[in-house]
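Every chain is named by a letter (A, B, C and D) in the order it is written, and numbering of its residues begins at 1.
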Amino acid sequence: MAIFVNKDTRVVVQGITGRDGSFHSQGMLDYGTPLVAGVTPGKGGQTFADKVPVFDTVAQAVEETGANTSVIFVPPPFAAGAVYEAADAGCELVVCITEGVPTLDMVAVMPYLQERGVRLIGPNCPGLLAPGIAKLGIMPASIVKEGKVGLVSRSGTLTYEVVWQLTNAGLGQSTCLGIGGDPVIGTTFMDAVQAFAADPETEALVLIGEIGGDAEEKAAEYIQANVDMPVVAFIAGRTAPPGKRMGHAGAIVTGGSGTAADKTKALEAAGIPVAERAMDIVSLLQKQQG
Amino acid sequence: MAIFVNKDTRVVVQGITGRDGSFHSQGMLDYGTPLVAGVTPGKGGQTFADKVPVFDTVAQAVEETGANTSVIFVPPPFAAGAVYEAADAGCELVVCITEGVPTLDMVAVMPYLQERGVRLIGPNCPGLLAPGIAKLGIMPASIVKEGKVGLVSRSGTLTYEVVWQLTNAGLGQSTCLGIGGDPVIGTTFMDAVQAFAADPETEALVLIGEIGGDAEEKAAEYIQANVDMPVVAFIAGRTAPPGKRMGHAGAIVTGGSGTAADKTKALEAAGIPVAERAMDIVSLLQKQQG
Amino acid sequence: MNIHEYQGRDVFRQHGLPVPPGKVADSADKAVAIAKELGLPVMVKAQVLTGGRGKAGGVKFCATIEDVEENARNIVGMDIKSHTVRKVLVTPAVDIAEEFYLGMLVDRRSGRVHVMASAEGGVEIEQVAKDNPEAIVHHAIDPRYGLLDHEALGLGLKLYPTDIKKARQLGSALQKIYTAFVAADASLAEINPWIFTTKGEGLAIDAKINLDDNALFRHPNYEELRDRLSEDPSERQAREADLSFVKLQGNVGCLVNGAGLAMATMDLVKYYGGQPANFLDIGGSSNPEKVVNALRIILQDDEVKAILFNIFGGITRCDDVARGIIEATGQLDIKVPIVVRLTGTNEEEARALLAGTDLVPAATMDEAVQKAIELAGNA
Amino acid sequence: MNIHEYQGRDVFRQHGLPVPPGKVADSADKAVAIAKELGLPVMVKAQVLTGGRGKAGGVKFCATIEDVEENARNIVGMDIKSHTVRKVLVTPAVDIAEEFYLGMLVDRRSGRVHVMASAEGGVEIEQVAKDNPEAIVHHAIDPRYGLLDHEALGLGLKLYPTDIKKARQLGSALQKIYTAFVAADASLAEINPWIFTTKGEGLAIDAKINLDDNALFRHPNYEELRDRLSEDPSERQAREADLSFVKLQGNVGCLVNGAGLAMATMDLVKYYGGQPANFLDIGGSSNPEKVVNALRIILQDDEVKAILFNIFGGITRCDDVARGIIEATGQLDIKVPIVVRLTGTNEEEARALLAGTDLVPAATMDEAVQKAIELAGNA
């Protein structure tokens, strides 16, 4: 039905009283997400949207509400700290929306998560939207539709663009996942592909990559060897000049590696058609699905 | 037959070319210990005692000789570094003889060992002597005798004194283990008791404790609940004044806790007779064994 | 953010790496004064935020004061890969016996700081990676333990198996680079070459450090390391306005919300035969001020003949965004046509708003791009 | 090694903890001068390496200069639990609204630095542990991550659940204590009390730090923190001779190889009705110089009426040890009887060597102890 979330998901939002946190928490509630708690140190005892209790710490929130999933909206200097806190409190899934987190903060937190078997999505990501189940993050709920296509992306609005096209073409989604545009992220392309491959309700896959790194190449190898369902890809940044950071901290071609051409080549070599234009994804997918 | 060592044990000595390292390596060889390699950075390529190859790193030693157990004789400032190196190279058992290792160095190395499932004995210990199998450390081989008594101790020469009395009384040992007198050590009293309890060849147990901490109390609880064989104990330091470090960094009564009286009380409450004099251990053991 | 060699040397020196003395000069006269102070021979090295200085003639050995004067005069003002050299570093020439490459970067795969080092120093590591990949020693540093002594020595011995003293120096240098890397919140740190003199003394001869932009808030002092003069003026303005902007050579100015969509938009311009003038992510808000700043920066480029807004409304309502664009464009005297594509929540209302303006509406990204290229071509 | 409050305050201050100003004086005149500089009121606090200063009258509030003079005169030279006060700390008296206990020590069980903190400050933590153990907040710090922000805040909130600002101050103080703890290689660090003034300002009012003797080699500067005057002179000499020595009140001087055996020997002296004069571990070697130093230190004590060597030969051969003892005792003019027990390798040869001397041989530990007690009683 979805990856990473299910009917037992109970969400706590860290930074629920902040500008972005409160806005998107409302959006999550509106979508019917089981948002059971919020955290803002010093605001413990308050109530968000007349129904969600706010706590000083995630540990308290987990203890009182049984939250098992955190969505983080705290500012960059405190984002990694929030991830430690969520993991330590026993959250199994942590979605860090915050953009601009220092890379070495993420390097440091990674083994802490691995030791505890905690999955992180992000940072610098739109989060996850499993149509009909839960919205964890900032993806617009209006563009999704329940269905069988799994989508994983390093982008935000480009993802929405593609999801919107899928929805308009009648291709619903099992889960739309934005893994984030930073160099060091919790859940990688590969992790997402593996999870989709293991999800009986996902019957086709859309990968939206971009320049920088080799996550797409690795996923392509894995798909060729292990994934049977139709897969279509798109790579943003074919015209990006080398050595320049294209918005995302991770979107940069360095030393001639991480180019869109390399990625396209690797994907096509693995039998995965790569759309030249975002709008071609739908038709390629329809063709793949026969 | 023994705890922590067996016929597959292959030993590398770190600091083999140093004064203590070379002296005791010779002792280990003389006892027939499978000492297959030595390490001293910068002396790779040399040979110790005409037969043991010396390497620059433990990784090289492990690769070339299949060593799986390290005995460390390097000076205190480098001792923790040697433990990291041995663990990283794949040694499963590391015996650190070095005395005077900063406590926080050991605090730091402990999780590294736990992550890798490596057993550390020591630091600041005489090591282990499994009569007839191997000598890992500095215990005098002349005082031991093969047999069924397991012995674990926080001391050095006091251990020898007791082993010597056991041997003279015809009570051979399965393994004599000195766990060291520092506050933070790898293998604790409890670990040793559990290992002896699981060893089919060990039929009686001698515990030699001393003031400081509560390792003896914890072992006593465990023994009462889980160990069937005869057990006799001795606690050194009944006359030690509070707040003074008695030689060993860990031998100190603080805030009224860690006294010999407390330990004796806990052991006796668990049904373990405590010898008033070291020389009474043998007779108590003989009485226990019936 | 990239910093100059002389600034990187300071960072390394602060963390205990052996760095020869040296000072920067922005004129031949000053270079001569420094050379006299340091004593001959010296190297005069262009301080420029790009590689290939040596090949371009930006690094010179000077045996005499006349050499210093001549070389400094030639190098200051020199153009290296479109970067103008404004300063030279004057530093004692040392007697090089051996050269090594010592570097670290954040590795995406392992999520760790990754050591790359090679006994083939003085060459670009990318070249070594291509020609002789097994000459590169790799190690991913566990952030919980740092670069441990035995790991550092192990790397040192791989680089220099025959001399424990030099192996130790190399290992220790790597540990210090790591300390500097973490302390500075770097994304890349390189010493190329690390050298041994004929007497066996190890020295960091070059220094390259890139800083993590996301971590600059922790290092307010680094702001003064920024070389504003070497930045493209429009990129500097964009940075100061908190916009992600990259200048390109083209005639279609692009304003997009979101980096991925911005790249996809550029790609689509190219796909339809046009040339994007820039990458620009205006972020999630419909804040007119941000739009004004973005437009102002783009319009400084005379090549820009049409402007393309590609906005996916998403959470933000499209009519709000449309109002922001209308307000922003109203504040400026814009002579080029503007195509606006708005999709998502309240898309219809947005299009109705645009109908009363000069802005050219478009329903899809493809349509918008094609219209913008066409309008730019007609200009 | 234990250091004084004023030294501990410096360590804490270096790591960013808020510590009120203050200086030490070894006379009433100097105390008055400091009080005038700081401004009244002040506290005059005995600097002494033991607890219970307050109860003993070693900590005084001084509203006037006369108070300062009188209290300083009384406290300098005062005896507190056998420690002579040589210095007083003069520090501004602050307006205390609330007191907390903040401490850390190396915990044997967890093998970690363990936080103990309590809202019942100003009281000895051992007392709180007895009377109201649930008033103590515990936390074992993972050395790989340090005291993380959320852990620190969580502890702060347990100490002060109703005020986030004070909870943050307490958490931040714990993080700084931990930084100081690790940097100083401490075995214990305490602030008791940490206070909040009536204005809500947090301050470290007391400072207690014990340093890990094993780590002093890393901190050569700490040697000057050592209060030689407060040490027992024989313990100081032993330390300088690299011997583990503790002075006791008894008449049987004990020289033993190994700490455990040395404790067991003391215990056995007591068991047989005697009184050990000391704990002394001469270590593993038969080095005559070490034995000479040990004997010299023990013989400074006029109470010592007999000397007992208890040596388990082990690896070292007993005949070598016997030669060392004979040589060492020959270098000194010793008027008390010496009993020597040597067991282990070459024990027979050793006994033969001793036969030609005044040294009294013994075959077992029990026999040796009994003989020594008897000889001491006869003296």
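Following the convention adopted for this analysis, contacts are C-beta pairs under 8 Å (C-beta built on N, C-alpha and C of every residue); 3 or more make two chains touch, one makes a residue touch a chain.
The structure displayed is predicted, hence computed values, not measured ones.
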Inquiry  = Show me the overlap between the contact partners of chain B and those of chain D.
reply    = C
Ask   = Measuring centre to centre, with centres taken as mean CA positions, what chain is farthest from chain B?
value = C
Message = Going by the touch criterion at the top, tell me which pair is linked by more C-beta contacts: B-C or A-C.
response = A-C
Message = Can you work out the whole-Å distance between the CA centroids of chain C and chain D?
response = 55
Request  = Starting from the mean Cα coordinates of chain A and chain C, work out the distance between those two points in Å.
outcome  = 27
Ask   = So, what's the distance in Å between the C-alpha centres of chain B and chain A?
value = 51
Chain A: positions in contact with at least two other chains = 108, 111
Inquiry  = If I count partner chains per residue in chain C, which residues reach a count of at least 2?
reply    = 144-145
Inquiry  = What's the contact topology between the chains, one of line, ring, star, complete, other?
reply    = other
Request  = Could you run through all the chain pairs that touch each other?
outcome  = A-C, A-D, B-C, B-D, C-D
Contacting residues of chain D [partner chain B, same complex] = 106, 108-109, 111-113, 125-126, 129, 142-144, 182, 185, 187, 212-215, 217-218, 244, 246, 248, 256-264, 266-271, 276, 279, 281, 284, 312-315, 343-345, 364-366
Inquiry  = List the residues on chain B that touch chain C in their complex, please.
reply    = 41-42, 56-59, 78, 81-82, 84-85, 88, 111-112
Task = Under the touch definition given earlier, write down the residues of chain C that touch chain B in their complex.
result = 144-145, 148-151, 153-154, 157, 164-165, 168
Chain D partner contacts - residues on chain C that touch it in the complex = 144-145
Task = Name, in rising order, each residue of chain A that touches chain C in their complex.
result = 23-24, 27, 76-77, 100-108, 110-111, 138-140, 142-143, 153-161, 164, 181-184, 208, 210-215, 218, 234, 236-241, 244-251, 255-256, 260, 276-279
